Structures are given as structure tokens and as C-alpha cells.
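Each structure below is given as C-alpha cells.
In what comes next, chain A is part of two complexes: it sits with chain B in the first one and with chain C in the second one.
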Partner chain A sequence: MSTHIGFDFTPPDVPGKVTGEIKYAEDYRREGMVFARLLTSPLPSGRVVGIDASEALRMDGVLGIFTADDLPPVAPPGNPALASEYVTYVGQPILAVAAISEEIAESAIEKIRIDFERRPFVVDPIESLSPGGANAYPEGNVLVRTEEEGPEGAPIRGAEIRDVKWPRSAIDALKSGKEPVGGEFTTEWAFGDVDAGFAEAAAIVEEPFVTIGYPHHSLESRTCMAYWENGKCFFHGSSQSQSANDNGLARMLNIDPADLVFINEATGGGFGSKIGPYPFMAISGNFAKVLNRPLQLRITREQEFYIGSARSGMQGWIKMGVKADGKVSAVDLVIVNDGGMTGGGSHNSSAQHVTVAYQPENMRFRGITVYTNTTPRGAQRGPGQNEMAAVLAPIADKAAKAIGMDRVAFRRVNAIDSDGFQGGSQAPVTSAFVREALDQGMRTFGWNEKQALAKQNGSKVRGLGVGIGFHGAGGRGYDGLVRIGTDGKLYIHSGVGNLGTYSYAGTCRAAAEALQMPWDRCEILRGRTDNNLPHSSGQGGSNTIFTHTRTNWVAAQDAITKLKEIAAQDLGGNANDYEIGDERVFASADPSKGLSYAQAAARAIELGGKYSGQEYPDDINPITQRSVQALAGSGLIGVAKDNIPGQGTPPGILVGFCEIELDKDTGKVEILDYTAVADCGTVVHPKNFDNAMRGGAVWGFGMAGLERHVYDPQNGLPANTGIYQSKPPTYLDVNVNTKMGAVNIPDPQNPTGGRGIGEPTQGAAAAAYASAISDALDGHLFNTAPTTTDMIINHLAGNDYSTKSLKTNTF
Partner chain B sequence: MNDSVNLQLTRRRFIKGVIFSGAAATSGAGAYLAANAQSGNGGAERLISLTINGRTRRVDVPPTETLANTLRYRLNLTGTKIGCNRGECGACTVLIDGVPNYACSVLTHNIKAKDVISIEGVKAADGSLHPIQQAFIAENAPQCGFCTPGQVMSAMALLSNNPRPTKAEAAQAMSGNLCRCGAYEHYLNGVLRASGQIA
Partner chain C sequence: MVATSHDVMLDIELYQPTDEANALALAGSLGKDGWLLGGGQDTYGWLKDRNKTASAMIELTQIDAWKGIKETSDGIEIGAVTTLTEISKNPLVKEKFALLAKAAGIVASPQIRNVGTLAGNLVQDARCWYYRRGLDCYRAGGNICYADSPEGLNREHAIFGASRCVAVSPSDTAPTLVALDATMVVTSEKGQRLVPAQDFFVGPAVNITSMTALEEGEILTAVRIPNTWANAEFYFEKVADRNVWDFALVSIAAAIKVSNGVITDSRIACGAVECVPRRLDDVENALKGQPRSEALAEQVAEIASRGAQPLNYNHFKIPLVENLVKRAVRG
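On to the complex of A and B.
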């Protein structure tokens, strides 16, 4: 019987958040600390010809200037911490100035003169692909993978930036919603026979679409503070991940990972932009070393817009064939991704969304990522999948309508189940119960009842929508580490980061569950390397719940085995004769015969060897090995790598139902109802599940209705660097009476039954919202994400200039 | 001495002590510069008295400094967060004479005669949490927590003016506090819980 999994609890960092006592990177101060500030590029594209810092360096209080020359070179299209010869976007950091106060550092920046040579720039990928279009880099606009024959016939694989242009006919075709025949792609895959699939179709829909990237705007701008002591670097950062950062950050600092203490108790949001060590981290750590002073580098909100990364946009075309029974027989998909100044694009994940949401019998995908002189792009909550969900939902609605099928029924026919597949390789999933989620959501939302209600009310028109969100939600092969102390308490070491999802805590419940420990007798150690943390996954990709309930489970199983072995050694019989309960290990035949956990821990220390961490399994990661070595002799150690057998992607899937009211006079959309049901296995922590679901829905409404990059195409300048202009949803933009549910069917490949759900929460909401807008407007397809108020008003006025050209990033 | 460089041609560092530049004496990267630092922040510091969380605090503040800065960097009251530093997010919300204000948009010199409550002043003297704090914990309201101190302050001000707000009234009252994590509904449920409307 479950005692922890599926029950509410208060993660230990919540009280510190409501009192303000928990510390983020910027809240730390250190004796002798100095401050650095960044000088950033005013140009979208150019060459740095000269830097005159003489006046700044003469200022009292200025300690030094740090440039790209102080760091290893980064080849384009990598994202250097500081630009060297070329700048490729407005806001790109060029140098950092350190001073004894931030004010002096800022004044010094104003005194630095940089001579630039301007270069042509481009902010729209299709413009760059057009004949004669500008390239974001001097070398070109697209990263092309290369393969040459090496000396022994072994291929040498590489990548280079090339200048790729499409024929005008292909550009025009894409812009007018047709297949861009003759266009070059860098990623292509197919399964089945797409032509045969279309031949079988009773209806075919063919549409262009565009999604616009936008910044993460984590509320905490990334701050780093570093200092060095006895060759060790103590690094306070703002990251989503904890021990997954160790190796990469140590590499940036040119030290052995054993000499890094990465401290990150709390992080003010990440949403994909802080998964791993980001380039900017290299500045504070290395600058602090050069100056031999603790150094804090805090950036402004505007700089967070620049360097904090953003979602890639898409410009694309899709053709979907549907059989009379509703089954999707063929999909042909083309995506041009916006890579910004760096970023691989997420088109493959967008295509993966199509495979999971509709399980097409035949499919072809072609994609290419084009660099633009806009901010760096990277992972953002369900990158690829979620924006695809937003534009695909109304298109799928059109397909359903073409064969006269209810939109939910259409999704039910095509829903993935446990025998289904994901991606171009049609790989398996661990389990999936989307039909159950659709049925449950339909009932809770009242889909059929709401269909029967009047649609028009004066100038206001109601719309109903349904959407599906998906993201792969789990990994394998990481380590778990627990310790039973001589005080009888369970210490759960977690290398999972803490960006506010609380999965670091939820996953620790698996160890408590396995060892049957009351939660108030458990303590989580995390947040800094010297808390002796195991090797954990990066805190991204919705993976943690699946990945680390498993690691904590296997570590606890190792502890249980050791408890039983110790009991058998001391009390006779063999390990199988013992069981655990009530913080004891005892003989099954005679429960009075046993040891308390505290006694067993003391015995583990006496016995040494594997029992108290002097020995450990060969297959654990060096990060975990170091931690076990540090803990050796301090209690009974449970440590193991997750070798639980199984295969397939654990899917996080969500269905959303949305009811909106659209005012035809103003274009304003009000969300009247939102219901979502998740297929994420067992819900590990219900209250937190609700918050993740609702937070994701807020993100979904932002994506589908509000947020986008806007660049001035004439000058390449960003027009909305601040929060206010970026328009992330506020209290007044969203529905605050949502209904969240889960099918709650355990995943067979996780001992606790859980899978992740963080990312698809957004995709389902975005899709349902877009579907509802289309429904309100009698099936009109905007084929955009976001669909903003001005686009709606323009449509109603019979003016389609804001949605028809596939333009992105511009206005 | 000319520090202009062509980045293509040189690999030169601008670290004092590595490159000796200008008039300031350098003795390696020590604390040598602190003594004769010029204030780059627009005006001389003046000693003023502030009432923060019921205590009188005497602090040197230049006339251009914002309250958020003073609280965080001079008084070490780091619970007040800076999310934007330009009046767009509400992370820095404090109460000034009971009214929620963005501390990043208030000059410290202007609040000399006023009562300021920051998040550190919300707990009772015996350390027990304010009902709104308890309710936010019960609702698991914060996600990343960076907006939470500001949400607490706005919710407190709301409840002192309107002890039983509806959810819609609460949403209006707190709409100046952005939550990028989107935890809105949980904060609102926290307000309803603290006002005894849900248990």
C-alpha cells in the first residue's frame, strides 16, 4: 500500500519561499566581492574592429575588463560567452567590466569605445533562404552536417555553416501554403508510403503555418557569483539542474569536477533556458579567478531577454490525409526553423508531436534550421512539440470536419495507446492511455453539453476547442544515493535541480516509500555539490519524475538488501528471512527479532565495506563515486545505478478542453473554461501536479494568444525586450477556475508508476485555445501562434495582411 | 597609453595588474581601490532614518537610490526580489504605509517618514507565519518562488482592505504581480484559504 506516492506533502523549500528566506544566486554576498557588468552589441550584425577601454580602465574602482580573448574560442554557430570578431545579434555580450561597485562598472561601460563595421543582417528565416537574402553569419545561414571518407575508410563526420538559398518558386510556394518543391533540407525522414496514404484519403487538408519564438523571461535574471579557495571554485548559479552541471561547468572553468562546488538552492524559473551550464557562466568563474576576488555578475531584465534564450519559430506547410473512418492515413510536413544566432531548431520534435497526436499510417518530414540575427534559441518548455500542437489543432479540426466527424472523436480514433509509436523511427512508448484521458476530459468539461449551447451572444461568440500535448518524459541510467544515519533517519541525496517544479522532492518520496520511512524522518540533501550528490539527469524535458523516482527506488532497494543482510549476520538465518517496517528490519517469522534502522546503521559502520560506502558498485558515475567516498563510514549507504529493465519512451501526454468567448468588436478573447486531463502514469504529488498543470496552461495561453518576438525588420532591433511589452499572461489574462485531472494509470516501467508531465501541459492548452478560436470563427484558420488580438481584428475586418505572409519576428 | 586593440591582431587582456593603465595605482588585484573609490551612482550618500518592519534603520543612501536597492544591498533584506527593476513585474512589492508599492520604483529618500513592511516583516514576532503565508504553503502556491514575496505583500494588503474578497476581486488586486511560472490560481486559492473561504 502506498504511503507517500500519490499523497500531498510540503516540499522543504516552500516555507522559505513564502518568508523570503530562501536564497537565490543574487542573494549571496562574500567578503571582498566585486561586481561585473556586460557591454552588449548595439548592432544585429557586424565586426568588432577595435576596443578603446583606456578611459574606463583609468577610473577609480575599475578592476579590469574581460573579453573573448580570456576564454577559449568558440566556432560559429556556437554561442560564445563573449563575442570575439563578429557580433550576430543585438544584445550580444562583448565584454565584462569588473569594479568595486555595480555603479562604477556601469559608468565604466559608458566610457568604452568600440568601433564596429556594419554587416548585412536578417531577422526572418525565409528572407534568408530567399535568393539574394542576407546571411546571419559571414559563412552562411544553415548548419549542414558533413561526412567525408577518412584515411581507413571510416567516415569523418562534421558540420559547417553554408549559404543555402531556395529557388524563388519554392519560397513563393511555401508562403502561399503549397509544398516548397525544390527547397533544400537538412533533416528528412519518412515511414510507410505517403503517396499511397493520400490516395486512400477521403479528405485532404493542406495549410501553411507560422509560429513565432519568444523569450523565456524567467523572473530571476541569471546571476552568477564565483570565488576561488585553495584551487576550488565555489560557484553560485541560477540553473535548472544541479549535478548534471558539474562536468560542463568544470570544463568551462578548466578544473577537475572534483574541484567545483556548485551552489544552487533555488532558481527563479528556467523553462528550458537554464538546463545546463550556459555560456555566460564562464565569465564570472574565470573573471573571479583572474582578479582573485569573489565576483558577482548580475544582468538586467533587458540582458536576460538577449542572452536568456528563446523558443525557435517555425514557418511550415502540412498536408494531412484522412480516411472516411477518421484515421489519418498520411501526413507530409515541412518546417523551416528559426535558429536565431545559435540553436539547432526543434523541427524534429515538432514532427514527433504529429506522430504522437495522430499516429499517421504514413508520414514524410523535411526540415531545415536557418540562422537569423536575433537572440540565441534553445529549449523552451516542450520545444517543437508545443508550438506544433498550437498550430496543428485547428488544422486537425478542419480535417475532422471534412469527413463530418466530431473533433474529440477524431482524436480518439487516432489516439496513441501502449502499442503506439513516437517519432520518425516509430519507436515504442512505455505505456499510453490517451483515449481514457479524452473520455475523462470530455465528461469533466461537458463537451457534448456545451456543443448544444447557443454560440452567439450579441457581439460575443463562443468557441470550444480540444488539444493534445506531448513530450517524452523520462530517462534511464542515472544513480540514486541514500544514507541511513545512526540517528535512524533517512538522508536522501538528490542531484536534481530546483527550478520550482518540486520534482527533486517528489522523487525522493520513492525512497521513503520503499523504506517505509515516515516523511518527517527523512531529510533531503541537495542544492550544493558538497552535500554529496549523486549523478542526476538535467532538470529538463519533463524527465525527472520518471527518471529519479527510479533512481531513488533502486538506491532504497540497495539499502533494504543491506539492512536484511546485516540483520541476518547479527541475528541468524539469511537475508530472505527478514523484512522491513516501522523503521526496523525484523525476522518475518518473529517480528520481535530485529534491529532498528539506527542500530543497523551503526552496524553498517562497524562492518564497513559496501555497507557504509567504502565499496560501491562499479557502474555508478564518477560524480556518485566521489559522493559515496565522502559519505563512507557515516551510516548505511544505499547506492545504485538505475538498471531497471525496459524500453521505449515514457510519454507525458495531456488533453485539454477550452471554452472561449471572442468579442467580434474588439478581438478580445476571454477563457471561460479550461479542463485538462493528463496521462502521466501515477500522480506522485497531487497538489504539485495541479500547479504544474495550471502553470503549463498559463504558458499555453501565452503561446497561443499573446507572446512573440518582434524585431524591426529595417534595423534589426528588438522591439519588446521588457516583460510588459512581451506580454506574458497576468492574473487577468487566464482562467483561474480550471479543472485538472489525470487518468492515474501506473506506468509499468516505473516502480512508483509515474511519468513526467511538465511540458505538454502547455501544448495541450495552446492547442485547445487555438482550436476554440477557430471554432468561434466558423473554422477560420489563422495558422499562427500566437494569434493575437490584432490578427483577430484584422481578420474580422477582412484584412489578412497580418497572417498570410508567414512572416515571423517582425510586425 | 593606448588601450585600443584590434581583436583580430592581438590577444591582450584588460586586467589591471596585467595591463597597467591610467593613473590609479595598482598593486595586483587587491582591495587597493576601495579607499578612493568614486561613487558612480549620481550624488553623495546621506545618512537617513528609515522605518523598516517596525525598526528604525539608519543608513547612508544616495538620493538616486531605489528602495529595492537599499533593502537588498544596504540592509541585507534580500527577501525583496528584483525581477525587472522597472515597474513591470511586482517581484519587489513592499507595503508603504500599508499600500503595496514597487520598491524598484520608489526612491529611498522619499519614504523617510513612512512605514515600510518588507517580506521579512510579515512573520509575527514569535516567528509564526502570517495566515497568508500559511495558506500559500497549504496551497503549494509558489513554484520557483521568485515572485512569492511580492505576492505575499499584495495579498496582505488586499486582505486588510477586503477581508473576504471573491476570486475575481483577488485577481484584480494582485494583477500587478506577475508570476512567470503561472501559479496564479494557487495564489488565489491561498487568498481564499487565508480569508476563511476554503479550508
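On to the complex of A and C.
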């Protein structure tokens, strides 16, 4: 029976966050600390011809400048910390100035003269693909592989930037919602026989779509502070992850990972933009070394927009064939991604969403990512999947309507189950219970009852929507590390980052559960490398709950094995004769015969070897090895790599139901009800689950209805560098009362039963909201995310000015 | 070339006068170099971005005489640095001029209303994103408008009254004060002048670098609202993307007098469609003497949008204006 998994608790950093005592990277000061500021590009595209910093360097208090010449070169389309010859977006950092105060550093920035040579620029991928369209890089506009693609997820090897242009006919076709015949793609896959699938379809829908790439706007900007002592670099940063940063950050600083102390107690959001070490960390660390002073590089809100990454936008076309029984027989999908200046197109994940949400019998996908002179793009909560969910839901509704099927029933017919597949390779999943989620959600929401309600109320019209969100939700093969101290307490060492989701703490509960430890006798060690942390995954991809309940579980199992072996050695018999409970290891036949955990820990130290960390498994990561070495002799060490057998992607899947009221006079949408049911295995931490569900839903409503990414085609300037201009929803824009539930069927490949769910919470809400708007307007398809107030008014007034031509990065 | 990101203000002298005379003297002596500071919600963006700056700042919020709401012989007077929150919750304003209370209570966000002042909301500068970005547009003293161009991103810009600049009046309270026929009390070292609300706001044809009639050295110190429109039938609605933070896409403020079901008089103004609050005189004339009805609402709505000249991305404002007029007339 569970004692920890599935129960609420207060993560240890919560009081500090409530009182303000917890520190973020920007809060740290160090004696002698100096301040750096960035000079950023005013141009969307150009060449740096010359830099004259002489006047700035003569200013009192100015300590030096740092440029791309001080760092290893980065070839395009990499995201250099500092631009060298070419600048490729407004806001791209070019150099940093250090001074004894921020004010002096900023004033010095104004004294620096840079000569630029302007280059053509482009802010719309389709414009770049058009004949004669500008290219974001001098070399071209698309990264094309020059070697065979590796397995799914493998890094790109052997690729070069080329100039790719489509024939005008293909551009015109895409803009008019037709297949862009003749267009070149860089990713293509198919399964089944798509033509045969369409041939047996009772109805076919064919639609264009466009989604805008939203900036992350993490509340905590990526400010860093670094200092060097005795050959070690102490680095305060803002990351989603902890030990997953070690190797990459050490490479940036050109040091052995053993000489890095990465400190990151709390993080104010990342959403995919801070999974691993980001390029700008190199400036703080290396500039501090050059100056031999602690150095803080504060990133402003506006700079966070520039360098903090954004979701990749899509311009695309989909054709979906549906049989009379509702089964999706064929899908043909084309996506042009806006890669900004770094690529990061997630079209394959968008296609993956289609496979999971509708399990098509036959499918073809073609995608291409085009560079634009806009901010770097990267992962953002369900990258690819969530924006696809937002535009696909109303299109799927249209397909259901075409065959006269209820929209929930349509999704039920096509729902993935434990024998289902995901992605173009039709790979397996660990388990899936989406029909159960749909049934539960339908009941909780009152789908059938709400259908019977009056649709019109004065100028307001009611709309009901349903949507599905998906993201892969778990990884394997990382390490767990626990220690039982001579005080009898359980110390759980976690290399998981604290990105604000509290999953670092929830996953530690697996160790407490396995060792049957009261939670108040457990302590989590985390947040800085010198807390001796194991090799953990990066906190991206909704993986943490699945991945690290497993690692903590296996580490605890190793500790349990050792407890029993020590008891057998001291008290007789063999290990199998013993069990644990009440912080003791004792003989099953005679519970009075045993050792307390404290006694066992003391014996482990005496015994040495594997019991107290002098020896450890061969297969653990060097990061974990270093931590075990540091802990050796301090207690009973439980350490193991997650070798739990199994295969397939653990899916995080969510179904959302939304009821809205749309005012036909004003275009305003009010959310009346939102209900969501997750298929995420066992809910590990109910409060955390609830928060993830609500937070994701709010952002989903923003994705489908409000948020934007705007670049001026005249001068390449962004219009939404601040949060208020980007328009994320506030608490007054969403309904307060939501109903969040879970199927709560354990995943068979996790001893605790849990899978992740963070990312799809957004996609399901976006999809359900978009579906509800379409329903309110008698099935009208906007095929845009977001669908904003002006678009709705224009539609109702018979205008189409704002929605034509698949324009992206506009209002 | 556009300025780079700063987020660090230049050193600025700060004056914090606590009486009127000192404040007026400072405003007079510093002239253009003295930046008038209310709640700071317009100010700090400019200064941190360094797209506008000043050598000195005169903080006005410590002058008690310019704060608070009082009843006068023929209406009420609101001190110019009274916060929007106070106005929105004041019993007198709510009782007599609920139109203003509602508008003040919907500005930006609760936090901004707690520090933002009435004067700040009225005299805030244009929110055109090109202008705020520090571009050399007409309003900034240049000779181009980036919003009114073939590729300009002008969803939030004017459909009426453009003259080189197409920025709109961003204020939520301004249309209500026009509808309530308020008078602005403008004070300087030289004395006081009273300016009708409708004349206080000026378009680009009059002055392209300022949105109000305030001259150098002058301070908006109070707003007087006559009883003429007290307890009329009011309608205020602001349509914005979000319910918090955002400026209006279009807003409407209407004061309508109805007797036995017949509209005897009205004053109606729209926000965010022109550089000034747009008084709908033709609609008011069409309403006068007519029974208040759905048919009348439909009939006059179209009058409201006559003469509109939409840009690339703001055609939606035409049906939106018409719909809001309908709703105001329906009540």
C-alpha cells in the first residue's frame, strides 16, 4: 500500500518561495562582484564591419569588453553567445562590457561604435521560400542534411545551409489551402498506403493552417553570476535542469566537469528554453575568469525575449480522410516551420501528435524548417505537438461532422490504447488509456447534457469543444543516489532541476516509499553540484516523473539490498530472511531481531566497500561516480542506474473539454467551463498534478486565443519584447473553476506507476478552446493559433483582412 | 538605427515637491527638461528604454492639494494625482458618475490602478509600438509613419482623423470625461486655465508631438465634472484582447438622458479609434428625440463609422464601433 506516492506533501522549497527567502541566480552577490551588460544588434541582418570600443574602455570604472573573439567559433546555424561577423536578428548579443556598476557598464555600451553592413532580411518563412525571397543567412535559408538521417531523435550530423526556393505555384497552392506540389522538403516519412486510405474515405477535409511561435518569457530571465576559486568555477545560473548541465557548461568554460560547481536552487520558469546550458552562460563564466572577479550578467526582460528562445511557428496544409465508421483512414500533412535564426523546427513532433491523437491507418508527412531573421527558436512546452493540437482540433471536428459523428465519439474511435503507436516509425507506447479518459471527461464535463442547452443568448453564443494533448513523458537509464546517515535519516540526492514544477521533490518520494521512511525523516540534497548529485535527465519533455521515480526507486532498492545483507552478516541467515519497516531492517521470522537504519548505516561505514560507496556499479555515469566518491564513508549508500526492463515511449496524454460563450458583437470569448482528464499513470503528487493541469490549461487558452509573436516586415523589429505585448492570459482571462482529473491507471513500466503530464496540459486546452470557438460559429474554421478578437469580428462582419495568406509573425 | 535594449535609466535629478507652489515653480523653471511623474506607468518604460529622457523628474504625487475627490456646488472635482483605484471605488463617483468609476476600474491591472493616477491615464503618451520602440517617426520628430505604410502592422491604430500619425488615444478614462463634459484644470506659475475635456486632447493635425493641450510648464491639476450629466443612463465598454493589462481595441462611453422612453440628449465618445477620444456628434444628433429602441440602435450604428479609413490590419474596428454604439443605445 502506498504511503507517499499519490499523497500531497509540501516540497521543501515552498516556504522559501512564499517568504521570498529563496534565492535565484540574480539574488547572489559576491565580494568584489562586477557587472556586465550586453550590446545587442539593432539590425535584423547584417555584417559587423568594425567595433570601436576605445571611448568606452577609457571610462572610469569600465573593466573590459568581451567579444566573440574570446570564445570558440560557432558555425551557422548555431546560436553563438556573441555574434561574430554576421548578426541575424534584432537583439542578438554582439559584445559584453564589464564595469564596477551596471550604470557605468550601460553608459559604456552607448559609447561603443559599431559599423554594420546591412543585409536583406526576412521574417516570414514562406516569403523566404518564394522565388526571389531573402535568406536569413548569407549561405541560405534551410539546413539540409548531407548524410543519411540517424535514428529518430539523433542529433543532426552532416548538414549544411542551402538556398531552397519553391516554385511560385507551390507557394500559391499552400496559401490557398492546397498541396504545395513541387515544394522541396527536408523531412519526409510515410506509412501504409495513403492514396488507398483516401480512396476508402467517406469524407475528406483539406485545410491550410498557421500558428505563431510564442516567446517563452520566463519570469526569471537568464541572469548568471560566476566566480573562480582555486581552479574551480562557481556558477549561479537559471536552468530547468541541474546535473544535466554539468558536462555542457564545463565544456563552455573549458574545464573538467569535476571543477564546476553549478548552483541553481530555484528557477523562475523555463518552459523548454532552459533545458540545458544555453550559449550565454559562456559569457559570464569566461568573462569572470578573464577579469578574475566575480561577474554578474543580468539579462533584462527585453533581452530575455531576444535570447530566451521562442516556439517555432508553422504554416501548413493537412488532408484527412475518414471512413464511414469514423476511423481516420489517411492523413497527408505538410508543415513549413519558422526556425528563427537557429532552426529548432518541431514539425516532426507536430506530425507525431497527429499519429497519437488519431492513429491514422495511413499517413504521409513532409516538413521543412526555414530560417528567418527572428529570435532563436527552441523547445517550448509540447513543441510541435501543442500548436498542432490547437489547429487540428477544429479540422478534426469538421471531419467528424462530415460523417455525422459526435466529436467525442470520433476521437474515441481513433483513440490510442496500449497496443497503439506513436510517430512516423509507429513505435510502441508503454501504455495508454485514452478511451477511459474521454469517457471520464465526458461524464465530468457533462458533454451530452451541455449539448442540449440553448446555444444563443442575446449577442452571446455558446460553444463546446474537445481536444487531445500528447507528449512523450519519460526517459530511462539515469542514476539514482540515496544515503542513509548514521542519524538514521534518508538523504536523497537529486540531480533534477527545480524549474518550478516541484517534480524534483515528488520523484524523491519514490525512494521514501521504497524504504518506508517517514517524509520528515528524509532530506533532499540538490541545487548545487557540491551536494554530490547523481546523473539526472534534463527537465524537458515531461520526463521527470517517470524517469526519476524510477531512478530513486532503483537506488532505494540497492539500499534495501545492502540493509538486508548487513543484517544477515551481523545477525545471521541470509539477506532474503530480512525485511524492512519502521526505519529498521529485521528478520521476517523474528521482528525483534534487527538493526535500525542508523545502526545499519554505522555498520556500512565500518564494512566499507560497496556498502558505504567506496565501490560502486560500473554502469553509473561519471557524474554519479564523482558524487559517490565524495560521499564514500558517510553512510549506507544506495546507488544504481535505472536498468528497469521495458520498451516504448511512456505517453503523457490529456483530453480537455471546454465550454465558451462568444460575444458576436465584440469577438470576446469567455470560458465558462474547462474539464480535463489525464492519462498519466498513477498521479504521484496530487497538488503538483493539479497545478500542472491548471497552469498548462491557462497557457493553452493563451496559445489558442491570445499570445502572439510579431515582427515588422519593414525593419525586422519585434513588437512583443515585453510580457504585456505578448499577451499571455492572466487569471482574469480564464475561468477559475476547472475540473481536473486523471484516469489513474498505473503504467506497467514504472514501479510507482507514474508518467509525466506537464506539456500536453497546454495542448489539450488549446485544442478544446479552438474546437469550442469553431462550434460556437457553426463550424467555421479559422485555422490559426491564436484566433484573436479581431479575427472573430472580421469573420462575423464578412471581412477576411487579418486571416488571409497564412501570414505569420503579424498581429 | 533603433536603440539597443537598455533597462537601465540614466541618472536623473528627482524633485519631490510637497506643495503646489514648489511644483509649479519647478515645472516653470525646468520646462522641457522637467519630466512630470505621476504613478510612473508611462514614465519608466520610456526612461528605462532611454527612448526618451529628461535631466530632472518632478514627482507630483506628494502634493495633497492635487489628490482626492470632493463635491462642489455644481458637481465634483477630482485631484489629478488621485489613483484610479480610489476613483473607481469612491462612493460619490459611483453614485453620480458611474461611467467614470467603471472606466477607471478597468484600466490596465489592479496593481497599475493602485499607483496609476487620473492625470497619468489622461496625458499618457501614444502607445503605437513603432513610436514606443524609439523609431524616428513623425511623432518622434521624424518624417515617416511606420504604421501607415503598405506593410505596417497597424491592428491597434486609428480609423479616423489621421494626419501623418495614426496613433490612437489609449486612455480608458478620457472618453468618459468627454462624455461627461468635464473640464480640465490646467495650472502653471502664470495661473490657471480651464479647458473642456474635448479640447484638452489634440490630434496630430494640431500637434503631432503631444496628445494634449498642455503647454510647457503647465500641469493638469484637477478634473471637474459638472452635475449636468450626473445619474444619466451610462454605458461604458472596453473591448481589449485580455481583461487585464491591455489597452482598448475600441471603447465607448455614453451618457444618455431618457424621458418616457425617449432620448432627450446624449454625449457619446469612443476611445482607441482616433488620436483623441472621438465624439460621436452625428450619432448624438440622430438619437435626439427618438424612442430608445433596437431599431434606433441599428439605425444609428452605421452613422458611427461613416468616414472611417481603415489601415491594413484594423478593418475590424469598423464593425466593432458600430456594435458598441448599438449596445450603448440599447442600454
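The rule is short, and it goes like this: the second predicted complex is superposed on the first by the 800 of 811 C-alpha atoms of A that agree within 3 Å, B and C clash if a C-alpha of one lies under 4 Å from a C-alpha of the other, contacts with A are read in each partner's own complex, and residues count from 1 in each chain.
The definition used in the following text is that a contact is a pair of C-beta atoms (placed from the backbone, for glycine too) under 8 Å apart; a residue touches a chain by one contact, two chains touch by 3 or more.
Please read all numbers here as calculations on a predicted model, not as lab measurements.
Engineer: Contacts for A:Q714 in the overlay, against chain B (first) and chain C (second): which applies, first, second, both or neither?
Structural biologist: Touch partner of A:Q714: chain C, not chain B.
Engineer: Just checking: does A:A555 make contact with chain B only, chain C only, both, or neither of them? Give me first, second, both or neither.
Structural biologist: Neither partner.
Engineer: Return first, second, both or neither, reflecting whether A:V354 touches chain B, chain C, both chains, or no partner chain.
Structural biologist: In the superposition, A:V354 touches no partner, neither chain B nor chain C.
Engineer: For A:A678, using the defined touch cut-off, is the partner it touches chain B, chain C, both, or neither? Pick first, second, both or neither.
Structural biologist: neither
Engineer: For A:Q303, decide between first (touching chain B), second (touching chain C), both and neither.
Structural biologist: In the superposition, A:Q303 contacts chain C only.
Engineer: One more residue to check, A:T40. First (chain B), second (chain C), both or neither?
Structural biologist: second
Engineer: Regarding the shared-chain residue A:K668, is it in contact with chain B (first), chain C (second), both, or neither?
Structural biologist: In the superposed model, A:K668 contacts chain C only, not chain B.
Engineer: Of the two partners chain B and chain C, which one touches more residues belonging to chain A?
Structural biologist: Larger number of chain A residues touched: B.
Engineer: Looking at A:L732, would you say it contacts chain B, chain C, both, or neither? Reply first, second, both or neither.
Structural biologist: both
Engineer: For A:I171, select first, second, both or neither according to whether it touches chain B, chain C, the two together, or no partner.
Structural biologist: neither
Engineer: Show me the chain A residues, by the header's touch rule, that chain B contacts in one structure and chain C contacts in the other.
Structural biologist: Comparing the two interfaces on chain A, one with chain B and one with chain C, the shared residues are 103, 106-107, 300-301, 724, 729-730, 732.
Engineer: Which bits of chain A are touching chain B when the two form their complex?
Structural biologist: Interface residues on the chain A side: 8, 10-11, 13-24, 26-27, 29, 32, 48-54, 57-70, 84-85, 95, 99-101, 103-104, 106-108, 113, 217-221, 266-271, 290-293, 300-301, 499-502, 687-688, 690-691, 694-699, 722-724, 728-732, 734, 736-738.
Engineer: Tell me, which parts of chain B touch chain A in their complex?
Structural biologist: 1-8, 10-19, 21-24, 28-29, 31, 33-34, 36-41, 72, 76, 78-86, 88-89, 91, 118-120, 122-123, 129, 133, 136-137, 139-149, 152, 167, 171-172, 174-175, 177-186, 188
Engineer: Note which residues of chain C are touching chain A in the complex, please.
Structural biologist: Listed in rising order, the residues of chain C that touch chain A are 1-8, 10-11, 49, 109, 129-130, 133, 135, 146, 149, 151-153, 155-156, 237, 239-246, 249, 312-316, 318-320, 323-324, 326-327.
Engineer: Contact residues on chain A for chain C in the complex?
Structural biologist: Contact set of chain A toward chain C: 37-43, 90-91, 102-103, 106-107, 109, 300-303, 306, 459, 665-668, 706, 710, 712-715, 717, 719, 721, 724-725, 727, 729-730, 732-733, 788-791, 793-794, 796-797, 799, 801-802, 810-811.
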